[in-house]
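What follows is a set of structures for review.
Here chain A shows up in two complexes: once beside chain B, once beside chain C.
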Partner chain A sequence: MRTRSAISLMLIGLLLIPLTGCWNSRELRDLSIIGAIGIDKLPDKPGYKVSFQIINPSAVTTTGTGGGGGQSGIPVTVYTGNGRSIFEVIRKTSGLSPRQLFFSHIRLIVIGETLAREDLSNLFDFFERSHEIRLTTKLVVSRGSSAEQLLQVLTPLERIPSDAIYGKLESTKSIWSESMITGVDDVINRLIGPGKQLLISGVRILGDQDKGGEKANLDKTKLPAEIEIKGIALFKNGRLETWLDGGKARGALRIQDKMNSSVVTVPCKDRDDPAAIAAIEITRSRTKVKATVVDGEPAFRVYVREEGNVGEVSCAVDLSKKEAIEELEQRWRSKTKQEIREAIEAAQSRSSDVYGFGEVLNRSYPRTWKKLEDRWSEVFADCEIEVQVESFIRRSGMRTKPYIKE
Partner chain B sequence: MIKRRKLRSQTSQQPSGNSVSPLGTDLKANLQRMNRSMGHSNDLVIREFRIGYVQEDAAIAFIDNLVDKKIIGEFVLRSTMSGTADSESNASERDIDVLDTIKNRILPLGEAAIAKEWNELFAAVLNGDTAIFVNGYAGAIIVSTHGGEHRSVEEPSSEVLIRGPKEGFTESIATNISLVRRRLKTRNLWMDGFKIGNVTQTNVGILYIKGIAGDKTVEEVKRRLASIETDGVLESGIVEEFIRDHPFSLFPTMYNTERPDSVAAGLLEGRVAILIDGTPFVLLAPTTFFMFFQSPEDHYHNFQFAIFIRTLRFVAFLISLLGPSIYVAAISFHQEMIPTSLLLSLAAQREGVPFPALIEAFLMEASFEILREAGVRMPRAIGQAVSIVGAIVLGQAAVQAGIVSSAMVIVVSLTGIASFTMPAYNMGISIRMLRFMLMISAGLFGFFGIALGGLIITAHLCSIRSFGIPFMAPFAPFIAADQKDTLLRLPRWFLNTRPRLISQENTTRMNGSKPAPPGDAAEEGSPDEN
Partner chain C sequence: MLKEKINARQLFSLIVLFELGTALVLPIGFVSHRDVWLSILLALIGGILLFLIYDQIVRQYPESTFVGSIRQIMGTYAGSLIGFLYLGFFIHNDARVLRETGELLVTSAYDMTPLFVICAFFMLTVVYVVSKGVEVLARTGEIYLLHVLILGGGGTILILFSGIVHVENLLPVMEDGAGKVLESAYRYILMFPFGEMICFAAILPSLNRTSSGRKAGILALIASGTILSAAHAIEVSVLGANIYGRSTFPLFLAVSKVNIMDFIQRMDGLVILTLIITSFFKCAINCYAAITVAADLFRVREPMKLAMPVGLVVLFNSMMTSNDWPEFALKGKEVIMGILLPVYSVAIPVGLLAVHWIRRSIGSKTL
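So, the complex of A and B:
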């Protein structure tokens, strides 16, 4: 009895060897860890030009006492290949890379502007299909340069450029709110969602594009080439239509209730003096979008409730007085309203419902939505959208009256 | 092992050689026979004298160094030699057995008996007793004169506590029993004695509290002890191997301790203690898996700290069992699970390492085990120095030479340190061995292999028993009441029951009630406050 069970146990153990699906044990030193992928359009023929930003571990970590100390200090290497499909290029690049490309740690996918202006709605199948790539990988559009060029720019502090770009995205999103973070999963959801269009943040190179890839880029205090997060790309049917910048971008975030914190500058007092301003820090902002249908015509109301603190004042205004605060709140309110209006206008003029008004309608009036679904783009362009803003200033900082005298 | 077997075959005739044979009446013949039987050993002391009371020739025989000579001189020789032949009583008591008279009226000693038979006599004499022969009487008086050299009660070296009694068991079973008895002053603390080992005739005692320990368990322990057939028992480990359940299991199914307080606590829970002469390690049965994670100190410190420490111990257990295998699996199969920056730093470290992760792990683990073993066997004076030098050479230098990565050194040393947190050394041994098996399966199959290994270990643990009690109790089977003192250690006033499976009939401990201000206590009417 005992021997029989022991034998059967051993047989079961033997069966396991062919059962192991993930048998492919890979040593770390046989892997090229990729930090970012860039995808550009080939200039004259169909297909993609794909760039891989490969991280050089021993140049990135400060205490790499392993044998590879003598290598060049450049933290990343960029390999580029051409092909009809992304997958094809990946395998093709093996001729360039001494190690197998490893995609699980991709932070960023950069899409070249020229490709974005053409059509990217069919681009994402590979990212969804591959088991190595995470769906939460973030997407950005390279603004004014190719993705390949952008990936080549070296960055200080964060030695890995993809990490640097990601860090910039995170920090500007949370304290300036003029850009948003979009993952591959978000993009796919939006592409298949009802009437929803894409919004993807833009990234551009400031300065000399060609110098960005040189090691000298890290040896200067003022960098010859820098990467900046700038604007939000507005898409229609997978095609980049326009860029939302500044107030418009902020308005776009407000409509989607994605505002974290930002600083709004409003004129202080009544004078038209451009130097007399008050800067208000937004500490809390909540947005609700409501749909109504009148005579079969949908209309929307965007309701914003925001709170903030006064952060800076450059004119003599006594903030201990209720009237002064109310006046500031009034100005702030109209500024917010204006930003939102601009953002809506930008979308309506391109008849691209990037903010998801269609989904609000679908949720509240599914029958109306069914009727309008097919021609939603045109309907949306003419929709009545009302904006209501409530603004509250809660604190005025460490003092009420500024030292500035009239 | 082989040696022992040989020994048995040589000596197996010996016990039958001096089988049941009564003593003769002739003093000279008896003494001669005794001397001959023991091969005229030098330490057999035979002293002939004349008993004053009956004016009869007599002799005492004892083994030098096993006896307390003061007792022999003061109480055996002096009392028997003194006195003169009292004619009156002589006449009346001539016919009565002189041996009885001496035993009953003359010897002022606590323990005395009369042996009529040689085997009995030898057993007693070799145990440190003294035999008194009287000419003309077939029999000898055996008086207890145990003595000789013993290690005194010292702090146990294998189980160190910060707070708690500093006494440890010694090699003398008598001392050990007294250490336990002193802690449990109840007439219900019962003891049974055995002699195990055909040659060694080792005294083995079992201790249990009648009414708390399960009768079946006691019977089972006795049955298993009685069935041991061996030449010699030199340590409790030998007894353990004979009587334990699942002798092929890697896990110890019996608990051993050097601490009388641990034994007392075990007895109070209804376990049976097995004490063996010649070793300070006392066995406790039945044993459960979670006993090995508990230190007596858990009950001596406050309960919050005890819960913290126990949690820590379980974490350390998992680290020491799985540490290297998780590292190997993650680094060679599941790179996507490691956070990017950590992966990059690991990749940088492994850049120059010539071995695959599994080989590297084996190399380091093996050298750590060598260091550990060397540290134990080394003469104490140089042991520490050697292990420090070994650690520096193997750790620092190997990393600098690029043979192993520093992350591996960290993993291995963390594993090593974590394995020292086990209060019981023998559980640590099984973890050390299982760690290597898990490393292999992790190196072959990744996390799948670890899960598989873990499954096999868990299934095995759930299938074994110790003296009828499931090894994984109170988790498999789940017993809610026993959770109070397993992973957690609740305050004392909550611990009002004994482990249910172990003390089956009498599980109420009645631990008293929660400390409260005097007024409240009076209201609750708790008799044993403090």
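So, the complex of A and C:
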């Protein structure tokens, strides 16, 4: 009996060891949470310059929502290190950071334009291999400035800049649709996919690049330096070839069926008057891409069906008349067609199948695809791509006829 | 000798949990990534046939254990020899399940924790439950099947609602022809996870009504095959065939992409939980099979006393089986799926049944 209770006591004592908790435990106070990573090319030697935007918890948690108020300090700190591999730099910067860098909450990877123009296809292994980084992390290309400079810019309203950029990406994607959100897994799938080409949204600094990192940046109502989501980078074989802006960017989104909502301005009545326009809000847009093969030659048809409302007119047009609406639909249709044509033209002229036409072909004609796979870039450049658009204007808001008179 | 009994519903739960263990989270099939869902369904047919063979063997001698049946078919000496072979196989297979689970936990979450510590605690729990007997194991299985179904259902709903499923990732079906799909199905998936069902030959004699095993087993296989097929189809459609094929832990990746309204995200914990639950049962069932075979061979009166020694052997075997993950994975593909499973779960059972039938037909003629 006594030995039994002695053994039991010993076992209970042993329990104390595992109950102390996780072997892998890392206390919150020992971690620096990284919001964004920036990667730039080193000027003359191989390797990367990696910047980390680290969230300063005490500055973020203060309850005052004034933004940029004096008492709370700067919400983020940026550390930078150089090295041949990203992983190496991460550990190397421990000499700068008082706490261990923690990667699970990275929202954004920013790639410097110079690096993007060189080659980024071999950049992503670490982001895929590491178990701390999630596939939901998004990518952007910093346009016209280095990734390091971009990460330094302080932002109002949303105190953490990486969250601010992410928020801008989300909102502009859903209401303006000239940029897209690309995750790490999307990039990898595109790099290895049949087309092997990719598109990544651009982000640039508006204003004085050097002022963005100062706290004074938040002390003005009109910021000296602002971050803007601008354009889509078109890549060929991992190299940034050109930027798609405005209508081209919108066309690029339409082809990929990523159009959410946007506003299109079309000439209102007579084409010669640039001031007479009608603004149409796109409320719904679906795109289907179909492949056909005639005599071994692939051809594609992009079919768009879009719906919208009239949001603003600056000329006297009687929108209560069906004919007026139909006329607007007609112009809207040709504008959409033109945007898509331009986007296709941009890709074909650089023989880079960024919109995934190759995948469409592979899905419906795997045998033809097998034959063309090796020289797809050249084949794609000369492919016949037909664009068909159906546009429907459903309603015209709270008024029919505008107050404007001829 | 076998006083403990389980019912058909408990058998059903055990089989489903066993089949989902590790096969749910690992990439399986190897050659037809995009069509893996199809391969699983094709392999399911073979899996059911295999199960029917195991059931037939056990059914011939309702009063004996698995080794008892083998001895009656092959005679005492040859039967014991085959029993020994199965003992080694079950122990090694259990060690592999343990190692696999440990490796996945280390790569995905516990990067600083020594593998041995994770495996030791895992095995300790397995030994504890198994030493309580098959009844306790089966009842635990019933409860946990419900947990796994809730986790799985919840996870599926989250994936569907976050809009990350791209069905076009599954097209074109059979890009490289039906050959690859069949190779995946019958060279690999039939062996893992369906061939591993051989250890249920050691559990079937514990059924309260031996005849109820066939129906419960087939239903369980259909259920788990469908779940596996759907889960892998979702994994491929979320990740794309390439990332799916290259990743060590595709289900984890797929679920980590869940993001609903920036509010429900980082749900990968659910996958770790599912992995631990299902592998626990796979490990426990293999361990139990090894124990009953050992008890039969060495005529141990209280089989469950063997839980600790067998558990220890499994634990150390799991540590010694390979130095690194690539070696482990290669052995699994070449040796286990290439040689051991075909021999132990197809060739020997088919041989046993053939010998039994031949002997019976000769016997009935002479009588």
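As a convention for this text, the second predicted complex is superposed on the first by the 372 of 406 C-alpha atoms of A that agree within 3 Å, B and C clash if a C-alpha of one lies under 4 Å from a C-alpha of the other, contacts with A are read in each partner's own complex, and residues count from 1 in each chain.
What we mean here is this: contacts are C-beta pairs under 8 Å (C-beta built on N, C-alpha and C of every residue); 3 or more make two chains touch, one makes a residue touch a chain.
Values in this document were obtained by computation on a predicted structure and should not be read as measured data.
Asker: When the two structures are overlaid on chain A, which partner does A:N362 contact: first (chain B), second (chain C), both, or neither?
Answerer: Once the two structures are laid over each other on A, A:N362 reaches chain C alone.
Asker: Which partner does A:S58 contact after superposing on A: first (chain B), second (chain C), both, neither?
Answerer: first
Asker: Could you look at A:F102 and tell me whether it touches chain B, chain C, both or neither (first, second, both, neither)?
Answerer: The first partner, chain B, only.
Asker: Could you say whether A:A279 touches chain B, chain C, both of them, or neither, answering first, second, both or neither?
Answerer: A:A279 contacts neither chain B nor chain C.
Asker: Which partner chains sit in contact with A:C315 here, chain B, chain C, both or neither? Use first/second/both/neither.
Answerer: neither
Asker: Can you tell me whether chain B or chain C touches more residues on chain A?
Answerer: B
Asker: Quick one: classify A:L31 as touching chain B (first), chain C (second), both or neither.
Answerer: first
Asker: Identify the partner contact of A:I188: answer first if only chain B is touched, second if only chain C is, both if each is, neither if none is.
Answerer: The second partner, chain C, only.
Asker: For chain A, give the residues common to its interface with chain B and its interface with chain C.
Answerer: 22-24, 104, 134
Asker: Could you pull out which chain B residues touch chain A in their complex?
Answerer: Residues in contact with chain A: 331-333, 335-336, 340, 343-353, 356-357, 399-400, 402, 405-406, 443-446, 448-449, 452.
Asker: Chain A touches which residues of chain C in the complex?
Answerer: On the chain C side, the touching residues are 107-114, 117, 121, 168, 171-172, 175, 239-240, 242-243, 253, 256-257, 259, 265-266.
Asker: Over in the complex, which chain A residues touch chain B? Could you list them?
Answerer: Those residues of chain A that touch chain B are 16-17, 20, 22-29, 31, 33, 55, 57-58, 60-61, 63-68, 102, 104-105, 107, 132, 134, 160, 163.
Asker: Give every residue of chain A touching chain C within the complex, in rising order.
Answerer: By the definition above, chain A touches chain C via 18, 22-24, 104, 128, 131, 134-136, 183, 185, 188-189, 192-193, 359, 362-364, 366.
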